[in-house]
Amino acid sequence: MPTPDWLRIRRSKDGDGRDAAVWSKCPSCGELLYRRDLAANGHVCTRCGYAFRMGAYDRISAIVDGDFTEIGAEVQAGDPLGWVDKRTYPVKLNADREKSGLGEAVVCGFGQIGGHDAALGVMDFHFRGGTMGTVVGERIALLLEAARRRKVPCVLFTASGGARMEEGMLALMQMAKTTAAVARFMEDGNFFVVVLTDPTTGGVSASFAFQADVIVAEAKAMIGFAGRRVIEQTIRQKLPDQFQTAEFLLEKGHIDMVVERHALKATLTRLLQYAADGKKVHA
Amino acid sequence: MPTPDWLRIRRSKDGDGRDAAVWSKCPSCGELLYRRDLAANGHVCTRCGYAFRMGAYDRISAIVDGDFTEIGAEVQAGDPLGWVDKRTYPVKLNADREKSGLGEAVVCGFGQIGGHDAALGVMDFHFRGGTMGTVVGERIALLLEAARRRKVPCVLFTASGGARMEEGMLALMQMAKTTAAVARFMEDGNFFVVVLTDPTTGGVSASFAFQADVIVAEAKAMIGFAGRRVIEQTIRQKLPDQFQTAEFLLEKGHIDMVVERHALKATLTRLLQYAADGKKVHA
Amino acid sequence: MNPIVEREKGLLEVERRINDLRTANANQPVDMSPEIAALEQKYEELQRELFGSLTPWEKIHMARHPERPTALDYVSQLERFDELHGDRHFRDDAAVVGGFAMLGGRAVMVIGQQRGRDTKENLKRNFGMVTPEGYRKVKRLARTASRLGLPIVTFIDTKGADPGISSEEHAQSEAIAMCLYEFVQARVPIVATIIGEGGSGGALALGIADHVIMLEHSVYSVASAEGCAAILWSDATKAEEAATRLKLTAADLQRFGIIDEIVPEPLGGAHREPLTVVARVLESVRRAVQKLSAMSPEALQEERYRKYRRIGAWGTERRESIGTIP
Amino acid sequence: MNPIVEREKGLLEVERRINDLRTANANQPVDMSPEIAALEQKYEELQRELFGSLTPWEKIHMARHPERPTALDYVSQLERFDELHGDRHFRDDAAVVGGFAMLGGRAVMVIGQQRGRDTKENLKRNFGMVTPEGYRKVKRLARTASRLGLPIVTFIDTKGADPGISSEEHAQSEAIAMCLYEFVQARVPIVATIIGEGGSGGALALGIADHVIMLEHSVYSVASAEGCAAILWSDATKAEEAATRLKLTAADLQRFGIIDEIVPEPLGGAHREPLTVVARVLESVRRAVQKLSAMSPEALQEERYRKYRRIGAWGTERRESIGTIP
């Protein structure tokens, strides 16, 4: 399948950043993997099956059928707190923009998934650890509002270290904003699916990530409210490896299903099909 | 306070039944108590504080301000299964009518509680162990429907061994019927309070008893889904005394509050006051 | 010991003999066809004799037959199934299986009680006895279906709700009560099928429906026969008598207006021709869903209200005995 | 060690000396009034010097002061309170206190986070750190209030949601997320007051409101200063720096439009005159409830949506830095 235009444009932005190194080392088995092979395999290690944290545009490309119309890209972070530590917040943002080729930690837009029109938002851990600040909140709210107007389902991929410190309480308030948008969207009878990917914690897990009709988790993803280190410090002991994994959450009844990366698109397609049928009954 | 007319009439019916014995023995401490003293003390042992299982009309008299207009008394049990064991079902019913002075295991009607108009239903363990058959289900549904039309709150006192075997599946279906009536009543924004009294189990606990806005339990009442004996047989060991008591359920978060018998009317009055205020805001 | 399983042993013996004869017949010149035909006739007679008319007590054991098709046997014949797990709070109860499915080309939410088909699975699935977490999963899936406009299809097969300590501690009463509440309020068609044993409130939690189907030899009862005998007579050995009195067969319940449709089983029970039975049930469910889908959410709610409001209502129907005592 | 508590020790020493002098003055002929007056003046000066202007880091410790009024200190001054318990499933979390109450002659639903006032109570109340069961109680009470038309009044005072193993196992994320959902949807006025420490999502779960009040020296933050320093710089000793950067004071948050009203505290903090402070807060809450009660449920929902939709919205307000770096 030829790379679609929208993606080619995006990919070229990545050029001087991540794509400079053509080899990636698998964090799980240590294998050196040729980038192109890795991408062709859905960013899953060809040796051990480890699923690499995936870039937002790579994910979108793997999920949508063809075109993807991004919305909210014009929404860019300000510096409401005038944050400075070793670097100023704007300098940090610029560095992450360079490195990731992303404008912010979430990419939102519309496309088709298995033939179904859908709103799609994908968070990216490579930008400020996927933290939610005003831009992430605003883009997700814009997406849900647009999806509500268009009466199409919404799929959100989460990956987040929580709320973004450098925007202080304005970041925390994005939990309220996204929740408000989710509630309006769902109360109208629209279908909302979340795919939790590695890692999803804090302000994102405790807001829209756990409000969906169906909560899917990518296999082996770490998902929780409190970070592993925080809990270990509190209880003063090591946690079992299995704790806070997708598989653990499935057993504990928190999520609907655990899906391997290569099966995600087919799963989402089926879920959207069910919901589309439901709409017909109600209409 | 002079005995109101409605109650005098009912009480006289009790005459040849329970009132024949003027002394009652406390099941907890063994004290012989003069019936009149016991009644004057809210049917609570004057020696050890044990709360006797209370007759429906006694309870109503303790809760309503003055008049009580019974509804649904004309609804009387048939014998849909043609039940016979040692006795036929109609014979059993007649015996319980004699003994308890009640037409069935619940008494429903309207009165005032602390100045608030309310629908009130009171189950009575003395009639077929408070089991729910078609009459109990029908009377409670009639009460909730009437309360919904009148837009008044509803208070139900439960005391039940579960569904009534002698009416088979027709009895079980009363769980569905009462739930349907509760849902209609509540979805209109009306206030529903349940007071769980000793004992409340099975088909009653698993339907309207646990659907209320506020669930009060009388102190020390036994409340559960499965009977104590069934559980003990299943797990082959004795259960702790505290298990399935009102106090246990409070700790486990199942109920809103545990209230001593003498404080029930004041508590209900306050609850009705809050709800009456809420109605004003909405109106 | 299950009397139906015992009874099958004799029948299986005849079956084996017929098969032996057939094999022999194919390998030797002497024609044994008349003997085979005679044996086959005997087999038919025996089968009719053993299973032609089952008492309520026998039906209970038919409903509990270890080889009787379970909820997953029905679900596996749906065109598509995506299982959804968990109560979102605490646990995923394997005694409840539920998720999106396709039936007759349309999406539905299917929810079933699942007992095990062997000892190991029975442990995993708690013999189909659902805990509060399971009922909360049921409630959650029903609410999702109601939001999305997907008809709800349930398969009921349980001795009753789990009666353990932790189920009491996790508010079994509330879990069932709120399941019932969700079902009476659902804005979508609900079709329930009793495929095995429908035991008391634990079964009814999946049983409030616009169309209720029972397999011919399934039972649906206010309490287990054993439990009823224990409660009324403190004597569980009188279970067979209780089974008769309780009017728990499909025919009885149809007369009471509690169920709407009976799906026939082959002689000897559903497990003798499982695929046929599953297909029959699914076809009945499909028809019911299709018919009900023409109704608006408000009409469905109203009709459902009236239906349950009517059961055991006084003055609206004859009050005399409907059942007959053998 | 709490620097505010330390600082108070010197002040209490002067207070004791003044009292000693007063006692002595009453019992002897020599008039010590001038000395007393001088000491009193010194006391005033000292107090102003110590507490006249507090840094964010100092405010954090004022908010955590062991004698600072807790949620129950406010609730106890309501005209009436009937506590409601439990999540209806699993547990009653004592870190949340909630129930019906009367405020200014009208019924409300009050919900507060309750830390302990001594070690024993802190154990019972888990230092005010709420578990999933607690948040589910909050959600349940909010829903009941919304059904019944009762305004919701919350008091926020928590370091953050409980970070323990069992809270993770019981789906802390989902519990907070569904609390937020309930609050944005509530059809009644919501008035929230941050009375002590408002720590991250665990505080916000009670914080979505039509009118948000903060006590002057309370703090409300995306993360604890210690947590922020650990996250950003892997160095918890930089907490004081984080406290400054995070803009967590009432004045900062009012400028951001995140809170609507600041209730002043006496010099030295709310615990110096607890009854006055409690009365002031309750009066502010009462006024807000009264004003909001004029709005229809739909208008409340709409206004609440717009309010939260606006925070950090791009293009609808100036984007330059609002805070200033000292």
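To keep things simple, chains are lettered A, B, C and D as they appear, and every chain counts its residues starting from 1.
As a convention for this text, contacts are C-beta pairs under 8 Å (C-beta built on N, C-alpha and C of every residue); 3 or more make two chains touch, one makes a residue touch a chain.
Keep in mind the model is a prediction, meaning the values are calculated, not measured.
Ranked by separation of Cα centres from chain C, the top chain is D. Across B-D and B-C, it is B-C that has more C-beta pairs touching.
Here the CA centre of chain B is 42 Å from the CA centre of chain D.
Between the Cα centres of chain C and chain D there is a gap of 55 Å. If you average the CA atoms of chain B and of chain C, the two centres end up 33 Å from each other. Chain B has its Cα centroid 53 Å from the Cα centroid of chain A. For chain A, residues that reach two or more other chains under the stated contact definition are 210, 252-254. Shared interface positions of chain D, i.e. residues touching 2 or more other chains, are given as 88-90, 169-171, 174. Viewed as a network of touching protein chains, the structure does not reduce to a path, ring, star or complete graph. Contact between chains, as defined at the top, is found for A-C, A-D, B-C, B-D, C-D. Interface residues of chain C, counted against chain D in their complex, comprise 88-90, 132, 136, 169-171, 174-175.
The part of chain B that touches chain D in the complex is made up of residues 186, 189, 191, 210, 213-214, 250-257, 267, 270-271, 273-282.
Residue ranges on chain C touching chain B, taken from their complex, read 161, 163-165, 167-174, 176-178, 180-181, 184-185, 200-201, 204-205, 207-208, 220-223, 227-228, 231-233, 241-242, 245-248, 253, 256, 258, 304-305, 308-309, 311-315, 319-325. On chain B, the positions that touch chain C within their shared complex are 74-76, 78-85, 133-135, 137-138, 141, 161-165, 167-177, 179-184, 187, 202-203, 205-211, 223-226, 230-231, 234-235, 239, 243-244, 252-254. Here chain D touches chain B in the complex through residues 80, 82-93, 100, 102, 106-107, 133, 137, 144-145, 147-151, 188, 293, 297, going by the rule given at the top.
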